[in-house]
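Dumping the structure here so I can ask a few things about it.
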Amino acid sequence: MDVDWDNFLWPYNEAVRELKVKFRSLRQSFLTKGEHSPIEFVIGRVKTVDSIKEKMTRRVISPEVIETDMQDIAGIRIVTQFVDDIYKVVDLIHERDDMEVVEERDYIKNAKPSGYRSYHMVISYTVYLPEGPKKLIAEIQIRTLAMNFWATVEQTLNYKYQGAYPDDISERLRSTAEAAYQLDEEMSAIKDEVQEAQKIFTKNKGKEKS
Amino acid sequence: MDVDWDNFLWPYNEAVRELKVKFRSLRQSFLTKGEHSPIEFVIGRVKTVDSIKEKMTRRVISPEVIETDMQDIAGIRIVTQFVDDIYKVVDLIHERDDMEVVEERDYIKNAKPSGYRSYHMVISYTVYLPEGPKKLIAEIQIRTLAMNFWATVEQTLNYKYQGAYPDDISERLRSTAEAAYQLDEEMSAIKDEVQEAQKIFTKNKGKEKS
Amino acid sequence: MDVDWDNFLWPYNEAVRELKVKFRSLRQSFLTKGEHSPIEFVIGRVKTVDSIKEKMTRRVISPEVIETDMQDIAGIRIVTQFVDDIYKVVDLIHERDDMEVVEERDYIKNAKPSGYRSYHMVISYTVYLPEGPKKLIAEIQIRTLAMNFWATVEQTLNYKYQGAYPDDISERLRSTAEAAYQLDEEMSAIKDEVQEAQKIFTKNKGKEKS
Amino acid sequence: MDVDWDNFLWPYNEAVRELKVKFRSLRQSFLTKGEHSPIEFVIGRVKTVDSIKEKMTRRVISPEVIETDMQDIAGIRIVTQFVDDIYKVVDLIHERDDMEVVEERDYIKNAKPSGYRSYHMVISYTVYLPEGPKKLIAEIQIRTLAMNFWATVEQTLNYKYQGAYPDDISERLRSTAEAAYQLDEEMSAIKDEVQEAQKIFTKNKGKEKS
């Protein structure tokens, strides 16, 4: 199939742009109210054409079904300070009428064997094009700073080894996942104190670094 | 009344941010498809607290009704190359489900005595806050580059003279409005040629200055 | 020659980004001081690879000398309200130590036969890369809103006709250039009044639409 | 003294904007070359007026000397993946001619008693205002993701307790600092592997999430 990739990807770019603005604004809403924000930062990306083609081959996805079967063409990542914050963000997404949750997987309660932890939601979202509305699929990953740190490193290594890690790397990744997990646990223990202090802090300090 | 302005204005800031992203993306949609975009550029602003207070006094608007009666707290301006483009943008806005047109005034077919020309739409738009959805009012002004040039100058002078122009200024503004109108007329005459050429241009030149 | 275009163009992208921030900030400096800004808005772009290749062929520029001989790979456009503002911007650029003017052409005092009016400056500017500093060439075009309006249209038509306009188009372009020139003349006549009023306006209205 | 804060802070805003663009571009330079970037992300802020006043009182700084004695009015934070990256960033800053290092403190080799780790540089940087060049002081903090995570939490708590932590909080902060330190150690052990893989990854995956 000869896909016009620029036109195919355009709506996904549009969706990522809008979703980034919406979740970043949500963060600012909490801060403006002088409250702890469950959202620490938000990034987003659209899969590259090479990456889409590679996945089509690897997963045997035909061009006709990429829109429904490749759910991470548009990807949003929401990073939180605390594990609890992840579930607050999940609730906020469920309550919105401008996006619909079509699937979700909790890799925090059920970490992957590799040590990967994250909450994944697949949503349906509408963008408005010159020719009218278009509903599309996007993936939202929600994780703590520590989970994100580990996952970034694992993704890089995985790309090199394609999942077939040498034993020493595999061992290193596990002990790094453990250190990240410990940091999350320590953070959870101090969470109430920090959130209480954040209210005072935000009220008085106003605008944050950004 | 003692208004917490930061919290009051927050949703309007949010709306302006989202609307700017949406209309700027619409422009890019046209260009990506290799078509003439009826949108040349988009700007937006939230009225300042001083400006809101001044208007409350001048128009005798009580705090209880500012949300409904002051329709330009959130303001978006869409600037076009050609007069025809204005009506294409108006149609595109009517067709969207993510904003509802509640009022519109055509100051192009019926220019104000001052010479002011523009198309005004008042829309209702929903933003999502931590506490849930909030519907608010925003104003969209649509005008050509020449109308915009004149209006910017007139707004500045009006602020100084509060509408009571000395005769010479009044005369100058009228002849400037006439020059702006002539430029729009000349542009209209050349419109089909330019739009045809733009399709070729966009397809080959790709990314624009921005 | 086999050019790695991503790497070749990178420093130009960097320069355009920095120059846009610098000139936009300059505008804000004037407004923060409650003064008329000679800069109305700033845009920038890096020439596309296709565009560079086409110009290399047309002007017979060999790969070895594109860095010095193709002076508009990085392009900045500064748009002003009044003709006088153009020369204020020119002065401001000459006074800076972070860029050096290597060439300039005044197409306002000496309009091109087509009717094109603009002030062009070629500057030398240093960006810092991982491997150290790199000096490169960039072009700055300075024009009024009316000149910019006309030039945008002319550039589009020129791309289609490659300079060989049919007589009627040629005639239309001339009368449009005349209308743009008249608008600039009218504006110049009202300039002192507007700039005076802008000081009052900016002081009281604070943040602008952007 | 009656300071016009908007005008006083303006050049600092300008400096923060330029420095953010410059360091973010440096990150992109590494990625465009297909290399590991020692910069993971960059944020910046200008101290709020309330915060400046509070510090003037606490540290007994008179208005005449704030420009020289309050070195963190403009603040940039550069966050890295690995501890080694911090020193690479330090070297890159020393090599640049567009900023001059006037002071530096290594709180990594010499952590503060609280557990705080970071590398601080004070630089002198020139911005160009309508009235000419202005040299000002800015602070750059360089730290790993784990150090940054801990420091953000500590800063919040410190604001509440003003350094006088109850014993249990103090103990919690220490064990959290230890967990963050462990994560950095684990990361350092895996660093060469990750950086090697990143080169392959960046070359093939192209544009990153941002």
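In this document, chain identifiers A, B, C and D correspond to the written order of the chains, with residue numbering beginning at 1 in each.
Here, a contact is a pair of C-beta atoms (placed from the backbone, for glycine too) under 8 Å apart; a residue touches a chain by one contact, two chains touch by 3 or more.
For clarity, every value in this text was computed on a predicted model and none was experimentally measured.
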{"item": "Shared chain contacts [chain A and chain D, defined touch]", "value": "none"}
{"item": "Gap in Å, rounded to a whole number, between the CA centres of chain B and chain A", "value": "35"}
{"item": "Distance between chain centroids, defined by C-alpha means - chain A, chain C (Å)", "value": "40"}
{"item": "Centroid distance [mean C-alpha coordinates] between chain C and chain B, Å", "value": "25"}
{"item": "In chain D, residues with contacts to at least two other chains", "value": "none"}
{"item": "Chain-level touch network, classified as line, ring, star, complete or other", "value": "ring"}
{"item": "Complex interface listing, chain D residues touching chain C", "value": "6-7, 10, 13-14, 17-18, 21-22, 25-26, 28-30, 32-33, 35, 92, 95-98, 126-130, 132-133"}
{"item": "Residues of chain C defined as touching chain B within the complex", "value": "43-45, 48, 50-51, 75, 77, 81, 145-146, 149, 152-153, 155-157, 159-161, 169, 172-173, 175-176, 179-180, 182-183, 185-187, 189-190, 193-194, 196-198, 200-201, 204-210"}
